[in-house]
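Scrolling down, you'll hit the structures one after another.
Heads up, the next two complexes both have chain A, just with different partners, chain B and then chain C.
Take a look at the complex of A and B:
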């Protein structure tokens, strides 16, 4: 009742504010609705959908008045669109908060998102297109007592679909604290020094009641009890430095014993290191990153696998692709262990030079490689597995011998004349199916090409032509087989209207049908509202954002999206 | 615990309304803390262009239309600035995965913008941004007077036309 009353109050206040503006405050928000109608298509594997239409929708309403803000989000999944977990089915207020800043304190009660450092020990965030939301429900305090020092404290539980997480002891309680120092703001005399230094540290603890787990010796029938720890602590330290054109970022994190379903209930401690160094000058940017992850999955529920209840965030060190055929074989972070490097070089060939031409030419080179960590198994338990043991040993500076993913990308973009822009992209990818949880399968080696031409017809009319080609000898069979070609033509009118037609053709499929995945879409944008309707076939595949992936099942039919901001 | 939180929410909320009455906000932008490329903290409510209107663009390194928009604006930026004194805050929503690419991309592309990092999308959420690119024009009073989502070639012409009107204080349709 109290909840309903509060929500009602918020709704009334917000709706009032539309017409009159309340106490000088400002109401903002957004809305999105996805509607899907898919029919059975056995050739592409689109399953029969019992409901006529599937729908995901949400709306955020936020009220801000100077140092005060409050907001909420209503979500409805009736029923969730294909690829979203069925447990999302339902509707309600999934997120509500109020926040106030007074002097040097900022207090948020209710739901919140937050990140410590790069997120190796704590990150609460949402990735709506993946159906991922690990919003905290609790209390957050941020203090900035002096210029250059920020202290954050959080306590709460994470969202799990529509579950009342406070009603169950199964959902762990997260407590965390983080401090960050901006040296050049703390010390006045070096404020404008070319050397800028920030450092910080965080500590996070997850509390979950112990559970009784037993290992049974299959021969003697003896059982051994595993004492699962109730408090799992993790800590991280980080530094960020820049000196003139150079910059360096590093973070190291360590996690205490955390036997869980993801690591097979081993007691080995976890660790993660992330380092990146860069050089940036006018027309040239270079960045090299490296990371090592060892047994670092951290969830607020011991027996949870999948994308929910992640306490931390372990980014994938690979390029995030925008072209669909380039993203056919994506990489997902291996939270139990991986070591990887990535390098980026971005260079602008000056205009007026021989290669640069009248407008200059942009070059982007990217390379990434991820390997397993060195791993020596320890003695197994009496049941023959590693549950309850330390699992394995691994040397920090040694790399394992299994390749997980490797990719090289080259992108060249050039404005040809005042009306034409051309970009060309090439990628060579080595994909180990272990990246999506299929160990021991044949690697896929793919050459992928894209050419993208934009033609300005008049001041506000334009056409875009895109051609992509994926060549591979392997017939992976899961969602892709052999060679693919894709063509797209898109027409834009004054940023208001667009129409596109595309076809993705699996012409190199040696065993199955050579399917055409055609798609027609039209869209209309007015200010901050946009409607887009597409009709066609969607191939089964994997969609990844930030190294976290979800399966997108095949579908055949209509998909409409409406978005709006206010 | 849940009840406690709800009570707190209600308390904080009523407190906010009461205390906000006598205290007119300077900028409509929320006082959410974001970072500069050097790692310094800055509040969105402190964004400014010496009392003149300015532009905020939300973007990400993996967003193709964002690249097109920022490149197209960069080509004309010098002329625009001379004429209107425009300033553009380019707010990157790249997270820990792609954030290290922001600085090399900005300098490699020779972009003249004030680049801001919003690594956990807090400002994005506060301004009701669904997907990048999303562009705002803020007038000299700190009010959001115009917004646009998406990018199609030629949109930059529209942006500068509206910006000229905002500078002259003309009514926007």
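Take a look at the complex of A and C:
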């Protein structure tokens, strides 16, 4: 990995020497370093950090010159900060690529990220906060032969921490193709029609060497081999339509037999459907979405669980919360089966009206609900489980009995005067702990409130006061520790400097200590560089982004972040 | 138009990268060789044994010396040592020079690659990784066997019964696997046939081409490799009885000079937990 990066650097340098055009190129980059020092705290469950200091860092260097670009990312986890997989430990060039455009083709060699449609069959992406990086290493070709038609082809393997994925057949080879065409560009007579239509289709195949996997009949002692398929195919079709203020997006995906560790090695074919319709006009936006997922976990390694090596992405249909108490009981996508709906309404009450006042009032209403899919177990195998069978049957239009997550939330934002802006948010959440792997736990029903007031002290100085409250009657331990309150005061100086103090207090914990999670932080920005230091306690929890989650362990200590770009 | 044609070339691979579909009756396969028929147990064991896999080939000039070493070790360790001669790699490739006699087996070749025993002679002692390698040079076989016998935990015993059925030309093997200690990892069992006393051609350092070389403990085809013995943790005192039917390799010269070797390995570490053998 290190060698490859150095070779790439040499290529750029040597190109610099021999190619005239290279001098007209542009080099950009960015850098981030997170430093964590945490001490043992038995009350909140923060474990002792033997290294005293942990660090995650990366830097991207990108060179572009006309239609050519090349870049690399150096990463260092020395050692990984808490909550990041220990397999990240180490340093090296994790990402390097070279790309050029010529005629109607765009070729990328090396690492790349890509997505087909909404990602139901293929999405290669990085979500640093989750420690997720499934960058492809291989080749990508994008062809745009005529206006309105785009064809993409990808081949490669996905990143798995620092492992040499090419050295082992355990890591699957991904081959994929996607085509998308804009009807209005292809047919001249409807080019300027208010009805705009895009069609697309994808096909992805993952090759993984078959493995010896057996089940044993506990009565006879006989073993049975599961005949795992080596080429796992999945395909999707999609349509995007817009007509004046209306828009409609729909995608349907189907996956072939893929017995794997996530679905319990069943042969049932997977399918996913995603549809959303929206209306957007001045002062009003409405969006309604629905999805159904059935056995759609797709990984490039059969035995892998967790967040790495995801071939596809199954989007979440819930609101992504920024306030910490609202995100305490987060939604995690159930890749083995779920039915979800979400509705968003954004409305601006006009200025000058009774409710709108002088500056108008912004309202955001969101509702989401996710249920299990209806399913009926089929006959088990001789070992009494479902490995090597089709697992279950399920009717596409039937919803299961189990509620995974439900939320209704309302946000009201209003500028009160030239110096004050107030936001108020309320959410009622129903959370099933089974959705994050805690079966048998009681549901959590939580009322969550937030008030956020920004006070402008002068042209450059402002203060922000934030108060959050979470009320729940559930108090049975790890996942429901009663009521919480959080207060934050933040001072901001012209976007250059800020200082904040906050306390998150678990005052309603009837069975454990009523812990204060205080935090002090300061930050300074100079040009494109920023330094932020915070000191305090971080509660243990789950962080979810787009329905993909990771555990965040408790910590007590210092956290510093430096970011820079050029 | 040319652009479209070129672009459509991108789509062509789709015809090769399709999707495998396993038919219903092939999803769960009852592996060939398992049977509910039994034959009486005639060989019992109550001690730890060691498996020496001697990777060899008729073109390997240093291999006769290694085979001789293996014979000496059998004399030294008696029935505590089981030797299996695995003819593999290009050293075992047949030619007119050795009358096209082919002792290679598919699984033997896979083991040579997997365990890094491709430069011959090479051996493995209980498939134990020493440092970063499984391979043990013949000069170190003795000390490695000593170490294994003195340090290896006696976890289980394998008791065996075997019979050659003339009627269908099959070998019926009954294995009684008795665990003397708790064992948490999944285990695999392999049942293989070895043949001794085969006269053939071998290259050697001393004699460029030995025409009447005697090959012993030659691993034969149609063995049953890496069948699951246990998936869940096993408790001390637990017995797992298994029965297998092996098609006799048509290359076998004399069934009376054959033996069956059964060994159990840890599915995760690949290390041999116990081995036993029975003459036919």
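Keep this in mind: the second predicted complex is superposed on the first by the 542 of 566 C-alpha atoms of A that agree within 3 Å, B and C clash if a C-alpha of one lies under 4 Å from a C-alpha of the other, contacts with A are read in each partner's own complex, and residues count from 1 in each chain.
Just so we're on the same page, contacts are C-beta pairs under 8 Å (C-beta built on N, C-alpha and C of every residue); 3 or more make two chains touch, one makes a residue touch a chain.
From a predicted model like this one, the values you see are computed outputs, not experimental measurements.
> Overlaying on chain A: chain B and chain C, fit or clash?
Chain B and chain C fit side by side in the superposed model.
> By residue count, which of the two partners contacts chain A more extensively, chain B or chain C?
Ranking chain B and chain C by residues of chain A touched puts B first.
> Quick one: classify A:438 as touching chain B (first), chain C (second), both or neither.
neither
> Examine A:99 and indicate which partner it touches, taking first as chain B and second as chain C; both and neither are also allowed.
It touches chain B, and chain C stays clear.
> What is the value, to the nearest 10 degrees, of the angle subtended at the Cα centroid of chain A by the Cα centroids of chain B and chain C?
Value: 130 degrees, nearest 10.
> If you stack the two complexes on chain A, which partner ends up touching A:222: first (chain B), second (chain C), both, or neither?
A:222 contacts chain C only, not chain B.
> Taking the superposition on A as described, I'd like to know which of chain B and chain C A:146 touches: first, second, both or neither.
In the superposition, A:146 touches chain C alone.
> On the overlay, how many Å separate the closest CA atoms of chain B and chain C?
18
> Give the list of chain B residues in touch with chain A in this complex.
1-3, 5-10, 12-13, 15-17, 19-21, 23-25, 28, 30-31, 33, 38-41, 61-64, 68, 71, 75, 95-101, 103-110, 119-122, 125-131, 134, 147-155, 157-158
> Would you pull the chain A residues touching chain B in the complex into a rising list?
So the residues of chain A touching chain B come out as 2-3, 6, 9-10, 22-26, 28-30, 32, 60, 62, 64-70, 96-101, 107, 109-110, 113-115, 118-119, 123, 125-126, 137-139, 142, 144, 150, 164, 166, 182, 184-185, 196, 198, 240, 242, 247, 249, 274, 276, 278-287, 289, 313, 315-317, 320-322, 344-348, 359, 362, 364, 413, 415, 454, 456, 459-462, 492-495, 498, 525, 527-528, 530, 546-547, 563-566.
> Give every residue of chain A touching chain C within the complex, in rising order.
103-104, 141, 143, 145-146, 149, 151, 153, 175, 177, 179, 203, 205, 207, 212, 214-216, 220-234, 256-257, 267, 381-382, 388-389
> With touch defined as at the start, can you tell me which chain C residues reach chain A in the complex?
Touching chain A: residues 3-4, 6-8, 10-11, 13-14, 17-22, 26-31, 34, 36, 226-228, 230-231, 240-242 of chain C.
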